[in-house]
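The letters A, B, C and D name the chains in turn, as written, and every chain counts its residues from 1.
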Amino acid sequence: MGNILNQIGIENYIFLSVVLFCIGIFGVLYRRNAIIVFMSIEIMLNAVNLLFVAFSTYHQDAQGQVFVFFSMAVAAAEVAVGLAILVSIFRNIGSISIDNLKNLKG
Amino acid sequence: MNVSTILIILLIGAFVTYFSGDKLASKVALLFSLAALVCSIVLLNNYSAGENISVINSWITQPKISFALNADGLGLAMVLLTAALTPIIIFSSFGNEYKNAKAFYGLILFMAFAMTGTFLAADGLLYYIFWELALIPIYFIALIWGNGDAEERRKAVVKFFIYTLAGSLFMLTAFIYLYTKAGSFLIEDLYKLDLSACEQLWIFLAFFLAYAIKIPIIPFHTWQANVYQKAPTVGTMLLSGIMLKMGLYSVLRWQLPIAPLAAKEYMNIFIALGIAGVIYGSIVALRQKDLKKLLAYSSLAHVGLIAAGSYTLTLDGLRGAVMQMIAHGFVVVGLFFAAEVIYRRFETREIEAMGGIRTQSPKFTSMFLILVLASVALPSTFNFVGEFTVLYSLSQVNIWFAILGGTTIILGAYYMLRMFQHVMLGETNSKTFADVSLNEGISFVAIIAVLLFFGFYPKPITDLITPSLETILQVINKN
Amino acid sequence: MNTLIAITGLGIFCLLFEILNLRKAIIPITILGLIGVLALNFYEFGTEQSYYNNMVAVSKFSTAFSSLFIVLTIFLVALSHNFYQNHPTKISDYVAIKVFLLAGAVAMVSFGNLAMFFLGIEILSIALYVLAASDRLNIKSNEAGMKYFLMGSFASGIILFGICLIYGAMGSFDISEIHESALSAELPIWFPIGLILMIIGMLFKVAAVPFHFWAPDVYEGSPALTTALMSTLAKVVAIATLFKLIAGMNVISSLENQDLLNTFEVIVVIISIASMCVGNIMALRQVNVKRMLAFSGISHAGFMLMTLLTVSASAGVLLYYTAAYALSGIAAFSVILYVCRDQDNEDITNFHGLGKTNPLLAAILTASLLSMAGIPIFSGFFAKLFLFNQTIQAGYIGLVIVAVINSIISVGYYFKLIIAMYSKEPNQERTGKPFLIYATAVVSIALNIILGLFPSLVLDLLQ
Amino acid sequence: MDTNLALILVLTPLLGFLVNVFFGKSLGKTVSGAIGTIAVAISFVVSLLLFNQITSTGKGIEVTLFDWIQISNLKINLGFLLDQLSVLWLLFVTGIGSLIHLYSISYMHDDENMHKFFSYLNLFVFFMITLVIGSNLLVLFIGWEGVGLCSYLLIGFWHKNQDYNDAAKKAFIMNRIGDLGLLIGMFIIGSMFSTLDYATLKTAIAGASNLDSSLLSLAALCLFIGACGKSAQIPLYTWLPDAMAGPTPVSALIHAATMVTAGIFMVTRLNFVFDLATDVQSVIAIIGAITSLVAATIGLVQNDIKKVLAYSTVSQLGLMFLALGFGAYEVAVFHVITHAFFKACLFLGSGSVIHGLHGEQDMRNMGGLRKVMPITFWTMLISSLAISGVPFFSGFFSKDEILLTAFHHSIPLYVVGSVASIMTAFYMFRLMFLTFFKEFRGTEEQKHHLHESGSLITIPLIILAILATFGGLISLPGHSWLNKYLAPLFTKATEGEHHLGTTEYTLMGVAVLGGLLGILIAYVKYFKQDNVPEADENITGLSKVLYNKYYVDEVYDAVFVAPVNSLSKFFRDYIETGLSALVFALGKIANEIAFQGKKLQTGSIGLYLFVFVLGLCAIVSYIFLAQ
């Protein structure tokens, strides 16, 4: 297992997940559809999860992988709540574009 | 029995007054203020009998703050001023009807409590706390029971509050800095500090900001006239009679001894500021249309002279300043009360609308005239004693200070007599002016009696304050 | 630890009561339960222990703050009685959520392992998302919930990334181990980055500039009670956790790399100054009280961040400051809840003439505002005093002067409300004296003043 | 014993004052008048006793009551010094005082506030006595300001008329200007010799070696400014003519006989200071001379009977200062006394005339009163002769002494003085002719009620006329009782003792001739050709300038009063508002920033997150840079 990391240095994993993470960030910044924003956030989290796994291999220690389960569970819970909110918004204003959420300002 | 008794009496008084209901409030307040007066006189006796009436308990362990009240001659003199003026002020308000009187009189007593505390506190932070506490009641008194256009009043009062708070917060910073040096807020520890000239300068300035705004010294006086005009007369009396003195007292007690080097270094500048205040205030007072505003500017002029006296760092200067504080406290309260008495009859403070009162009210006229003459420091009034001493001390520093400061004798006479002429003299006024009632008369007579008595025999006060002033001077000149 | 378990149990009980149709009993029982928990917590105070191979580490710090959180929750639960009168079916959910939220909060201050820390944050946040959006039919509430959710989960992502990097650097999630290796090992560059990412995530939670934008909108949109919870409990929890994170890992002071330490301090100074200034100045022009308090909360966050400069010494100061701030906040919000019961907004105009109609509540609100403004004898003043004292002793006099100027500015908007209450004419009937609201207001302000009179009570707990 | 005497002396007038203030109205006019008069009369008796004592023992009495003001290096106590000078002053203050009180009982009888009038008069006497017998400068200052106050009250006695009030205010403020000088002088002396007590000061100066003479001169100058204020010398004289707004007895008592001589008293008191400041002395002399001339010239053309007398008072005071300037204190004192007699008499006489004409003061509407009020006429005639220096009347001796002294020191000032006295003679007799001779020029209605005043008015007139005649005897040239009496006061050998040689006689002759000349001109102009001064509008040329008092008041207004007032307006309208605007500006700025900031809070999640990320990047990149 270690040989993989010998072949491909840990840095590459970090770069990969950083890139993924940034993709997620840009997704959140530039997409206006709430669902897609959720997905972008998921991308961010998963980028992190990937890195966790990589590191746990790197350190030869299982904690990292355990942590991934935590984060997945949490992510699931979050999205559940998020979707619930989204539904009620859709009921009220019939749209899921976050551009319509500008009543509170100033 | 120690000085905390007065504070307790006043504080309890404030609450009892509040719960005694609108009917009784004024009487109860008067009762408690009189009790405080009696108590302070008793304390004065004990003090002069050599009994120790100071208190010191530790309060907060980390940082080390203690509940320390120290009554020396100076402190007691100011406490007596407060304790004597409060009943007069309360009594003078008997002619007026205030809605929600219980809160009103409660606040007055609370303010008296805070101001007494300021004069007694011997721990920097305790002092600061009392100093700030005194601000809140007057804020509400002016805001709620004040007169004139509501919007204007709000602006004036908020400006006053923020302005004074701004000053005092810098003082707080200075105190904290001192604490980091001394490891204690106790005044004697702060006295012991020897700070570098630079530190002293900054601390001096921080204090100065607080006091210059409170006293007020020009150009920090812009809150004064408006607030005096807008506040109910009782509030104005409290402000001008006692609260200004808090600033002046603090100069003597805290600013000069803690930063003596800076005080000596820049003495002339601050004396000059004070004297500038004298001239400026007098000149501005000349052409005021509103009686209360005129009095406000006159008191600006007078406190300018007092401040100048305190910054001379001579025994005479300090002593004269203290005597002038007391004298001015009484006379200004009397004058504002006179304005109120006129307002009760004529419902106006515009000087143009007055005049021709003398023919209708000989008693009031003579009392008012005596107060006017006292405020222009006619010999045989207490004000003369103070003013003479201060001017003398100024002449010792630099004869020009005395000459310029002395212009108050001329300008003061000018604006006060001008005011008197247009308010009281002239063809009989069409509106009828009932002469002073018994209550009003009592307040006036009390004030006038004090002024005349000490005018001829100031010895008691001099003997009371001199020792403590000497100790302060020793601290100032320690190095 | 027992506290944590007890709280969770209590939460579950609340849900059970719903099933057993004991709605009436929920609030009193919860309050009693929480008081019990509080006692338990006091009992735990002073015991230094760690459970589940240091997942949860109970310390003076954690117990002290836990007690504060519990007290706040008691107040919040008490307030919810009147707040949810109209829809009684939900009451158990809301109360239960609050209790679970408290569990998350306790977990956050007593974490011994980053996993626990992360879980705590998420429990708290998710609960808050729900509460923020809890007024389902109200668009504002939805919007608030959405905004908070999106930005919150974004922030959690950042935090998670930070945790990950730290793990990568240290090979462990355990605070003490991280501390060890931070002292010894040569640090890879991504360790400080990870740390900063975590800190930024927490700064978002405490709503420090420039991560504060969510706060005003969410505060305004959410139901008043939730706002109260956010501005008192949530903020306090976040700042405490941030403090513990830095103090507990003790990385900052142990960094042998001096200029990194300086960098960190510069960042903290800048952020706290920015928060104070932005918060106070923006609050000046607000007409909505909740929004105004949101900005004042931002500025207070700036004040609290100053403690991070003197981590080793200022735990007690932070505890005192948070307690003072939260108590005055509770008092203020209970008055706001009363005044704006049947208003659709919380504009200042609703407060006109409160001094005449409800002198007591007006006085309480005034007191709490004065406390926030830092006027003596209210604990807010001493909080500021001790904070300034600490900071000056650490040599940041410039920072203190900025803080002083800010507290001057803050008076401007606090007094706008006071003036409205006392010098304007009443514009509406205010009937009824709901006992719980009055009680909460009185008790909280009383506690505030007691703290002011005897600061040593709290201040010396963490010496 | 002495203490009690002194206290009785001081306190009886005060008592009278208090009684009249509190019970005057209920007591009724006559009673309150009587009380006032008796109070002063008692002090007069006491002064007589004291005088007796002094002359017998020959040394002064010191009375110390208690410490008053403590200042570090000087201790000031409330004490009295009764020596030759003060007792002499007491005599004519209380003496003339009581006469004038007596006079006022009848004169003021129609005034509703008569009791007030008497209480003020008593208060004045009280303060005047304090001024005179104070044992140090500060006690003198009490009296000094006190009499100023009383003159303020009495000038503005008819307070319904704002012009009178203005006059009163003017008097008080101009006095205050002088008082500032006096104070400064006190400060300098106090810091130099650390005492304000006359006796100690005298010894201190006598004992002092290497005095800072320039500082001492400064002090003397300041004191002299004070004297200028009180004694109406240039430049502070303009208040005195206006002060005639007060009731005539007031003019007689305060503005002729007593208060205005306070300045001379003070200078004489401090002669040992002034002797050392020779340059200041010459200043005094010059100012005195100029004042006497200027006032006399103005007096030439005045038509208000009291104004004429007022200006003559100013000019006489000028002559006294001329004498003081030459260190001839006893001469000045001598003239003070004689002047007190005849000027009081003149004022009271004019008062009686005005009384007779029901308030008419313009001489152009008088005339021919000789027959209807003979007593007034004769008494005034005597006094006029006295003031004009006609031989063997009191004024002759005193004025002559002054001119002699002037001649000995400086011819020019002598000339000025003589011219002034010639003019005096002229305008006094102008007054006499216009008032008492020829036909009555007033209205018929007035003519009806013309009558000689009552005995209460005429008796004081007669007494004063007698004094004005024989007052000169106290200091006959050659062997002067006064000089011997005052000798102990002065350090230097006394000046006035001129052995009567030819020069003296010639000078006397010149003076007499001058006086007679003045009278003659007046006789020709107003009796022979009996022209009457024109109405105000067609006064022209030089006499217009004179009639308008050289426009001094206008100049003062333009130079001092107007600027101060406009400055005050400027401060009020611009500086004050500006300052407070400045303070408000801070708040405004903050609000403005807040207003702009609100725009940043757009409510768009995208923006918020964008800023979030920006901050994140900023911080992270900062860490990299800092590494």
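The rule we apply is simple: a contact is a pair of C-beta atoms (placed from the backbone, for glycine too) under 8 Å apart; a residue touches a chain by one contact, two chains touch by 3 or more.
Note that the coordinates shown come from a computational prediction; the quantities given were computed from them, not determined experimentally.
J.: Of all the chains, which has the CA centre nearest the overall CA centre?
T.: B
J.: Per the centroid of Cα atoms for each chain, what is the distance between subunit C and subunit D, given in Å?
T.: 79
J.: Need the CA-centroid distance for the pair subunit B / subunit C, whole Å please.
T.: Between these chains, centre-to-centre, one finds 43 Å.
J.: Find the geometric centre of each of subunit A and subunit B from their Cα atoms only, then give the gap between the two centres in Å, rounded to an integer.
T.: The computed centroid separation for subunit A versus subunit B comes out at 67 Å.
J.: When the centre of a chain is set as the mean of its C-alpha atoms, what distance in Å lies between subunit A and subunit C?
T.: The separation of the two C-alpha centroids amounts to 27 Å.
J.: Note the residues in subunit B that touch 2 or more other chains, in rising order.
T.: 162, in rising order.
J.: Multi-chain contacts only, two chains or more: what residues does subunit A have there?
T.: 28, 98, 101, 103-106
J.: Quick one: which residues in subunit D touch 2 or more of the other chains?
T.: Where subunit D meets two or more other chains at a single residue, that happens at 587, 598, 601, 603, 605, 609.
J.: Each pair of chains that touch: what are they?
T.: In this structure, the chains touch in these pairs: A-C, A-D, B-C, B-D, C-D.
J.: Which residues, counting only subunit B, touch subunit C once they are in their complex?
T.: Residues in contact with subunit C: 60-63, 103, 125, 128-129, 132-133, 136, 140, 143-144, 150, 153-154, 158, 161-162, 165-166, 169-170, 172-173, 176-177, 179-180.
J.: Which residues, counting only subunit B, touch subunit D once they are in their complex?
T.: 155, 159, 162-163, 219, 222-223, 225-226, 280, 283-288, 314-316, 356, 358-359, 366, 373, 378-380, 385, 388-389, 391-392, 395-396, 399, 402-403, 406-407, 409-411, 413-414, 417-418, 421, 425-428, 456-459, 462, 466
J.: Using the touch rule from the top, collect the residues of subunit D that touch subunit C in their complex.
T.: 587, 590-591, 593-595, 597-598, 601, 603, 605, 607-609, 611-612, 614-616, 619-620, 622-623, 626-627
J.: Where on subunit C is subunit A touching in the complex?
T.: Against subunit A, subunit C makes touches at 115, 118-119, 122, 125-126, 129-130, 133, 136-137, 139-140, 142-147, 149-150, 153-154, 156-157, 160-161, 163-165, 167-168, 171-173, 190, 216-218, 220-221, 286, 291.
J.: In the complex formed with subunit D, which residues of subunit C make contact?
T.: 146-147, 150-151, 154-155, 158, 189, 192-193, 196-197, 200, 204, 210-211, 213-214, 216-217, 259-260, 262-263, 266-267, 278, 281-285, 409, 412
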